[in-house]
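Next, two complexes with subunit A in common: one pairs it with subunit B, the other with subunit C.
After this line comes the complex of A and B, so read on.
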């Protein structure tokens, strides 16, 4: 799961290549990695790739700050479904 | 008397030392702390040779250090230059060279960029707020705040000295630097405080990044009113549900942003269950706010006052219009009338005073207007209209925006001068087409561009974003256009996009859209 998200961000969403590889704990929202358009695309990707629906009320910083936050959120979500 | 911008901090610090001046997440600064920390930064800059009038860069994401940077720089007598942290390095380097910047105030979260900037050819001598691994001159924030001030005293400035330079994209492909003085910046702050009755009980949300002129309300008018400014984090600007919660928690009283930020909040539905009673004012500007969203937010906040704000960065704000009732599909929300200390003229298409008509390019003379473009007298002259009044010359800034005066005497924004195109002899307003598209209930956003197919062939193309669940055909959209537009103005091609490319300030990047489909 981590890997798929990291690959999508690195290949599709980054405007310039990062010096180091993107890590699961890198802050995606603090600036420099994802803009608000990138975030929308990432959510669409996640919905398609993992077959979940991300409702607006789940679109909060605590769920999307880093790749590991996203996977924690998704795992919880998939279990509930 | 408050004559220059940093005086506002000194005043607020003596009147309300314990009051929070700025809040960012869990961090905050009282006016006392802000005063002390800005003195330390000013004293550091002076001791490193920064002199009155020198330019100092502010290379920061939204952060609690931003107000320290801008007021510290001004207290040193220097001019602060916001640098958008999302700019490519080459563009940053252009600004450093164009403005001859020796020192840049920054934060460790840009550490990956710092070595790249040092590597390039530019006048940079040091960073403040970086934690570099190299031995390039720099000081960390904790080290700066630990210094004890020995020889700092106010640098003597007068109101015509430069306070800040804001870079904005230029049509030549190079950014142009808009020079504001202490007078123009402080006039803007003072007129805003007067018009919107901002006082020490207000809590302003600062949503825009510093390099975008909308940010000046929070950073400049906030301290003048001794109010509290809540700097919204980068993360909050991207996650609408968190942002909605923040507005409630922080009991925001004044909100000012581009319409897009409000549209994103509406689309997330996150505002619906929030208590927004404290929100007394919503100001929006920078782009036209589509009627359907404006009415939606107005219905959601029935006790809040809404103002359409207009003004290019060159003049700060210059007109405003209070929207009293939620607009319908057919309403045209004016940009209103000029505020105090401001006069306007309407020029014809040859740049002369339009004597018989109320239609043309808006030119503004105001206490809030810029001194000119940095290092570019030619462009400054080109954008200036000189009116002779008696024996005196009066300078007006030519906005490049087309306006007309309506029956009530309010100005109505018609579009950019350069957003009017001629196709097959017909004069077409791009904004009119976009407005027509937006009347369709499934179209969230629309951007119309003109594609140059061959040397003589131009074609109108509309890029649109549909609401997520809806599916409508091209045919239906075209039929909708024919309902609202003359046939020559109906877009020849329509493209669906998941979202639009946007500029650093969140405006739709129409040039990028044009390039995508020109090459396609």
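After this line comes the complex of A and C, so read on.
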């Protein structure tokens, strides 16, 4: 899950080239890696790739700050579904 | 793919057009001249059931889920039947940017307190997002909300707020955590009369004059915890979620207005004779009519596609941006064409032709300018 998300962000969404490879604990939002358009695209990708629906009330920093936060959120969500 | 409407839906559309034509807009010319909002017409819409279309059971709505297709159709009918473009605009502003976020993100208490009131016309709601220095880059907002015991203290100012001067409640957005930028934006429901909250008087503007526009000011305004809308930091989610619905229905009314405008243009160019024949027989005029029809129908297809996608809860980022760009720019261009078709008489306000042009110009600016829509489209295409 981590790998697929990192690959998508790196290949499709990065605003600028990073000095180092994107890591699971890098701050995607505060660090300026993703803008709001990038986040919307990432959510579309996640929904399609992992077959989950991300409701608008879940689109908060606690769930999307890092790749690690995203996978934790998705694992919980998939378990619940 | 089938974008046709069933008999029941078409009957509902006809009924809504008749309601708008017979019951609303009795004095639009004068109301436009004096920038007068009609509370009477607003209440007639309540009685007809327009506002409750953006609510749910048991909070004044008719069903457990909002029926976006019916709402789109109703707003298209309102745009066609109501010569006052401002009224459907104001209705949409409340329905999709105030009622809808409370339906989606509000607590039980908030739903009970505010949704019933707006569906029954006891309350008028506005949505405060834009600031003087935070337009397209709206999340660079400077209004802040500082956590204190039992609530938040709001400071800042919101500008160009539809229904702002007369609203009883406002869904507003403020930064609760400036360090994380747009991710620290939070929604609140502010009530008229709360200490430190004030509303400007109506501001004079180019078009849509029957809708009050103004500023909302917050000066150490205390808002209790129970008025937090959604979670702290959910402001971005709230605005992203509601914007596509808002675009869909606001633009539906404009589509209706464009259809009315085209029919009036056709009737005039057939009747008006110059050089011994109807001016519609001159190719320069008939070509303009053909272009107006093309703009109308391409806009209609995009609108129905977005409504169809959103009604199934599907994403429509690209489609909504294409729709907003196409329909708003088309309304401006077709309004100019209608002026050309009508000649000198169009320049006189009393003939009620130039008003559409003044009303249309706002649409290329609000809810994301045309420039921003192009940026979104290009970005989604990977540029």
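Here is the rule we use: the second predicted complex is superposed on the first by the 80 of 81 C-alpha atoms of A that agree within 3 Å, B and C clash if a C-alpha of one lies under 4 Å from a C-alpha of the other, contacts with A are read in each partner's own complex, and residues count from 1 in each chain.
Here is the rule we use: a contact is a pair of C-beta atoms (placed from the backbone, for glycine too) under 8 Å apart; a residue touches a chain by one contact, two chains touch by 3 or more.
Computed from a predicted structure; not experimentally measured.
**Q** Report the partner of subunit A that touches more of its residues: subunit B or subunit C.
**A** In the superposed model, B touches more residues of subunit A.
**Q** Per the contact definition in the header, classify A:40: touching subunit B only (first), subunit C only (second), both, or neither.
**A** So A:40 meets both subunit B and subunit C here.
**Q** If we overlay the two complexes on their shared chain A, which of subunit B and subunit C does A:61 touch? Say first, second, both or neither.
**A** So A:61 meets both subunit B and subunit C here.
**Q** After the superposition on A, what does A:73 contact: first (subunit B), second (subunit C), both or neither?
**A** In the superposed model, A:73 contacts neither subunit B nor subunit C.
**Q** Return first, second, both or neither, reflecting whether A:31 touches subunit B, subunit C, both chains, or no partner chain.
**A** first
**Q** State which residues of subunit A lie in both footprints, the one left by subunit B and the one left by subunit C.
**A** In the superposed arrangement, which is not itself an observed complex, subunit A uses residues 29-30, 36-37, 40-41, 44, 56-62, 65 for both subunit B and subunit C.
**Q** With touch defined as at the start, can you tell me which subunit A residues reach subunit B in the complex?
**A** 15-16, 18-19, 27, 29-32, 34-37, 39-41, 44, 56-62, 64-65
**Q** Along subunit A, where are the residues that touch subunit C in the complex?
**A** Checking each residue of subunit A against subunit C gives 12, 29-30, 36-37, 40-41, 44, 47, 53, 56-62, 65.
**Q** Note which residues of subunit C are touching subunit A in the complex, please.
**A** Per the touch definition, subunit C meets subunit A at residues 104-105, 139, 179-184, 230-231, 233-234, 236-238, 240-241, 313, 315, 317, 376, 379-380, 382.
**Q** Write out the stretch or stretches of subunit B touching subunit A in their complex.
**A** Residue list for subunit B touching subunit A: 61-62, 85-86, 88, 109-110, 112-113, 233-242, 245, 264, 267-270, 498-502.
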